[in-house]
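Next up: the structures, one after another.
There are two complexes below, and they share chain A, which is joined by chain B in the first and by chain C in the second.
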Partner chain A sequence: MRPSLTWVPRLTLAALLLPVGAGLWGVIAPLLGLVHIAGADPDQAIADLLAWPGLTDASALSITSGFGATLMALALVVLILSQLHGTRGLAVLRRLLSPLLSMPHAAAAFGLAFLIAPSGWIARLFSPWATGWAQPPDLLILNDPWGIALTLGLAVKEAPFLLLMSLAALGQIRAGQSLLIARALGHSLSGAWLKTVFPAVYRQIRLPVYVVLAYSMTVVDVAMILGPTLPTTLSVQILRWMSDPDLSLRLLGAAGALLQLALVIGALAVWWVGEHLIAALGRRWITSGARSHGIGLLRPIASGLGTASAAVVLTGIAGLLVWSFAGQWSFPDALPAPLTLRNWQRFGPALGAPIQETAIIALTTTLIALILCIGSLEAEARHNLRPTTRAMALLYLPLLVPQIAFLPGLQVLLLNWGLTSGRWVVILSHLVFVIPYVFLSLSDPWRAWDRRYGTVGRALGASPNRVLFRIRLPMLLTPILTAAAVGCAVSVGQYLPTLLAGGGRIATLTTEAVALTSGGNRRAIGVYGIAQTCAALIPFAIALTLPRILFRNRRALRPE
Partner chain B sequence: MKRITAALAATLLATTAMAQPDPTNWESVLEEARGQTVYWNAWGGSTTTNDFIAWVGDRVAEEYDVTLEHVKLTDTADAVARVLAEQQAGKNEGGAVDIIWLNGENFASMKRQDLLFGPFAEQLPNWQYVDTAGKTVQTDFTIPTDGYESPWAMAQVVFMYDTADIDAPLPSMNAILEWAQAHPGRFTYPQPPDFLGATFLKQALLDLTDDPAPLMQPATPETFDKVTAPLWDFLDKLTPVLWRQGQAYPQTGPQQIQLMNDGEIDLAISFSPGEASTAIANFELPDTVRTYVLDKGTLGNASYLAIPYNANAAAGAMVVANFILSPEAQAHGLDPLNLGYGTVLDMKTLSDEQKAAFDAIELGMATLTPAELGTALPEPHPSWMEMLKAEWTTRYGVK
Partner chain C sequence: MTTGLTLNSLAISRHGAPLVQIDTHVPAGEVLSIMGPSGAGKSTLLAALTGTLADGFTTTGRVILNGRDITDLPTEQRRVGILFQDDLLFPHLSVGENLSFGLRAGGTRQQRKARIFEALNDIGLAGFYDRDPATLSGGQKARVALMRMLLSEPEALLLDEAFSGLDPELREQIRALVFTRARTRNLPVVMVTHDPAEAEAAGGPILKIG
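Right after this comes the complex of A and B.
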């Protein structure tokens, strides 16, 4: 009798959905008066929210930065793929994807902030010889009230994610054949791509696009660094209310969280309607048979924008690195006058504890996520289960529900139940975000594994478990390590779950780095930002090198 | 029967007393503190204070076997919120917060809501060195401390200016306004409700008002409108000539210093007379920066340490508070190479050897002498700060 594994997918879904469900309940229940928060009156909280003078601006910012960043990121990806399909330029961008993706949002935002500020690196490089600026100009670039810096920052950071998802989708559709036929009919390469390949790709990356939209509307750490301050975005304001000494403001925060959730649902609905409108127009354009030759001229723009957006993030990180070694560095010097090890000597020793905490949380979370995902995939294989579309949508749910909408609720519930927050609660909250990425990263290679190896093994008398542990897992080591690296990077980058579930007591590299921005010491931020980036990159490096060493005489098992 | 009740009551009292360390019996405090881990909740945005807290941690570990963990806050109010939440959840012992760096409104709020352990401050062995006569260390923003918080550093408002861009100090708020109008975009202050930003508002109010007496009483809507009218008039003129025309503000004091180092602004407020010298030593400000105080004087106050009523390691927390009052720690903190904070000790109480450690400290090129700093102006009642922050946010906090 084989042990049944059907409970593993259920447990995995529970790990995903229970915290989200409980968190949403923790937001809604106190507002309905079902859970009592001392000194707080639900009606008063809603009235206070509506009376908050920044409400209109903050809500508008959430919408404009969300739509703006998503549209720009998607447009960039479509431009790159349609113009650079099959070129060497795309291969280069593809190789840059892992570092771009794994870079924590906060580190990327610090880097960007220093790059584009009026006293930033770009201005320094061109001053005073080209600009004539002996002093930085009084220009409102960062923290502008319209959220332009925030939107651009999010767009360049989200584009790699959409590009990765599109490349994965391209692998599943027969792009080459469609292109060949369309080109034979006289379409230009990019015209053919837009008309025949893009609709199929978009259907596959729809959920990731929704994730980007929901994320960009509600992000907290990036908004704290690049976003406006008069007022802030709604999500940052909710966080402030949730951490005010006046507990009755918790309920105001909950009301804000509910409004934020409603805004996200509304935006997703608007996007969905927009999709259908564009699809209808697009279908007319495709079936009209018009040959659009002019599109090919966009190629230099595509390579230019693609390179620029990657360069902005990578140069930002280079800026952090330089700051971490900087002595006195005044405007308009392009580089610091003395380079010094002092910053690392000063801040380095204090890195030990947060590095350890970050590693414990990331490794435990990733290990649990891997066990759950492999268990689910193995259950799928052994019991011939097919994941339904609905189950896949559930996998995306934690990524679609804004963190700022359900994490405060989780905090309210923990408090109400008198539970201490701590490392385990942080790990459970990280799991919610790590599981989907690990699963998405692992499922395709897992399902693509040639099951005849297993059949042979079984025929030779091996038990299903022996087949799993001796054949399938070793053969899939490369994708498993990659999934683990993705999981670690996701965990390392989490700010809000660590802060709220950890009760402020769990100090990881990311919480320390974001706390330091409230200070503004660029040298310290440089040291922490670099440490944070390394923490996210090292697992990728291991995932790339370990199989090369282990499989030095098994060429087909090595990563490309 | 009566005797049994009395005995029972005595046992009960003894057990409650057992649960709370007794500061008058210092030996037992030291004994209980051994091996404890103390969570110090303090703002984590300043790397120099972070370094100082780490140094204190090393020293109390060596000396008293107490482990000190710095919980880095983005706002002190977070720690107050935590204690309050624990009280409301009925968690009356084993709390998450052992010691908090606070003053003013946070202390007033915790004291009012009975969230504090104590009184303990005046029983600490090193209290003997504290300058209770010459420094305001027993009232905090007009509220008596009653031994519920222990002072650890003196602060006074100074203005930092870059001598490369400004020839002479600007001795009053009106002089600052005139200068800013002639040099638009070169001055700003941290965005209230930030602590330093709110301090700028209070400092401006004190400088602009003719009669500061109402500020020592709790604010009422009537006195607030009357007394603050000149302040809003001043800010209405100042805001359009601020950095970024007042459309963005630095969020904290250190961000403001970064702006000065980047050459974006020429004048900035500071609540620590030694901060500029410390920043110059750390390459965080150009060495052309100097400090000054306004002609009518500037605000001053003390920073305190308080222990929540449900602290898990109250004994360890008292050991930390006591160590910070030691001449060794106070001299370390006064040195601008470390922290540059003013001491709360009275030099007359120290031995010659202890005093020599203070005399040996180079205050730094940008630090004023005690005589130049003059007598600090007292802090207004905390209610003023609350109302100033709220009013500022309504007027300027939303574009």
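Right after this comes the complex of A and C.
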């Protein structure tokens, strides 16, 4: 008998689920008194949490930013796809997707902050001729107490993710045929898309939408940059408790994490009910016989909003770039007077260590994730395993359980077991988030590979391993490199796992960049933000160019 | 020892439902054509012969090739060559590397390379060693696929609608080449097709299933 590979999917699931399970245990057990933290009393912690004056505002903020960002991102994607189906505009947006997606959240948030701040680029462009401002106005645009900047920032950053997942779903359903038939029945193009294509697309992007909702409710790094300060969001407050030198506050943090988890579960339930209400209304609309010709009028809005949201993120990065080279830059000048290398000379040397740490963690995590994912997919092929819907849902679980709900528990447990946190713990914690994205990115091309190549190879006398290493992996080099780039980008962007699993001692580009928030040194933020963006984009550049070079004489495999 | 390919009461069922039953002997150098509408289990039968049946299929009976019982052998040990409708040349390898992949292990590097050059000469593609398979014409691809299979020294040959992707003129030519080579090497051939003319042209017995 050949060695069985069936243990690989199990190991992969364990790498995903054990940290989440242990983390949740580490949050709940101390509160139940099952695990003792020196100097902390469970009842007191819960009482302290309830007595915290910011509790209502922080909880409300979590809910509004979560629903607000998810609704806006989803609406934008639906608008773009229904109005721009098959247009050149959509093709352009599609090409921008990878850079938009891979950009670390923190860098995108800083970019947005530099754009919309009272002294930001937008205010500068309109001053003083339109606004009359000679000084930056005293407006609370950033870090507004209602979390509007936070919600908008999340919406523009999450929309590309939902767009990508929708485009992948569109590839699996026969959208073209449905549209043709609906239009032959007299429906407008966008009406036909909403009535015949969207229900099928939504069924496929449901879990990604839940991921966006859970993420937007609980994000930490973006909230620290764009969110309100007093009180902060619940997630940021939990992090403060967890990183307080007073260890007894860890239990308060755990209580907060549990509340945060409950809020997310409640929100997901509300969303689920909402889905059914919308579905019922939609069914009524579909069967009403309306041909919906008016909807086409929304087309300019769709292109406008699509362009604007991509432009916001990209201009934000341009802003980081300009600030990183800015000498004197007084308001309301649109550009700094002298461009200088001084900022890079000043902050550049300190970048070396975090760049190295970021690279080691990202490359190791991605390599492990690739081996586990390829092993799982190969096991699926060799043993004719079919992943069940439940197994696929498990893949999404680490993305649905908020980081701020289980990572503190992991920290508590490590502390309690006397384990030192460090690079390996960080890598294990990154794996939890890297594996799902690598798997999602690789599984479709892997399964789409023509298995007859394998049959031919085997009939020519090659063993299954030889077929894997000599035929399948080389033929799938392009999607494998893309999946690796996705994995690296996910790892580079991780803030909370690096901070909590690393015990605050592992400094990556992302933790260093976010730590600059409070200081407000825009030149330093520009330098770190650009370094962070490059760290996420360079793997994509390699994934794009390497196959072109390697396959320059292999037309069938050269990416177009 | 009987030479040739014997399907000894071979029966394939899918989730318990019988799909194909066949009991026949294909002598060395002869062609057995199997005809049937799509869904009759033609490709399933070939998958049973190559050992690549998907889950859910069960087989009873034996497959004997030149006296060897290959029923339970892994695909790579059966020495059963197969050609599909598509050439399925490995797109990441050059024409020569594709052939080297097929050539049975053994011999020095120089000897192996010499064999490949000889084989390329043989199919009228001298100088094609470094070519990208994607740049070949349909007929050239079909010849490379055939030669790649022959270099692995199979003891039987399966054809899965192997000629239906080619235009009529070329089809004639490639079919003649394949059958000649199979006969010279004394290979039993099993060909599945949905095209009566194709089965007729093979010149051997025709078996209808489904």
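Here are a few things to note about the model shown:
The rule is short, and it goes like this: the second predicted complex is superposed on the first by the 560 of 560 C-alpha atoms of A that agree within 3 Å, B and C clash if a C-alpha of one lies under 4 Å from a C-alpha of the other, contacts with A are read in each partner's own complex, and residues count from 1 in each chain.
Basically, a residue touches a chain if its C-beta (ideal position, glycine included) is under 8 Å from a C-beta of that chain, and two chains touch if they have at least 3 such contacts.
Given the structure is predicted, the values throughout are model-derived calculations rather than measurements.
In the superposed pair of complexes, A:Leu557 makes contact with chain C only, with no contact to chain B. Legend: residue contacts after superposition of the two complexes on their common chain; A:Gly132 is shown touching neither chain B nor chain C. The partner that reaches more residues of chain A, of the two candidates chain B and chain C, is B.
When the two structures are aligned on the shared chain, A:Gly352 is found in touch with neither chain B nor chain C. By the document's definition of touching, of the two partners only chain C reaches A:Ile471; chain B does not. Residues of chain A touching chain B in their complex: 38-39, 53-54, 57, 117-119, 135-136, 138, 140, 142-145, 228-231, 243-247, 326-332, 340, 346-347, 349-350, 415-416, 418, 420, 503-505, 507, 511-512, 514-516, 518-524.
Within the complex, the chain A residues that touch chain C are 2, 384, 450, 452-463, 470-471, 474-475, 477, 551, 553-557. Every residue of chain C that touches chain A in the complex is listed here, in rising order: 47, 50-52, 54-55, 74-82, 84, 86, 88, 90-92, 94, 101-102, 104-105, 130, 132-135, 148-149, 152, 154. Interface residues of chain B facing chain A in the complex, by the touch rule stated above, are 39, 41, 44-47, 50-51, 54, 71-75, 77-82, 84-85, 88-91, 96, 106, 109, 184-186, 191, 243-245, 247-252, 254-259, 261-264, 282-284, 286, 393-394, 396-399.
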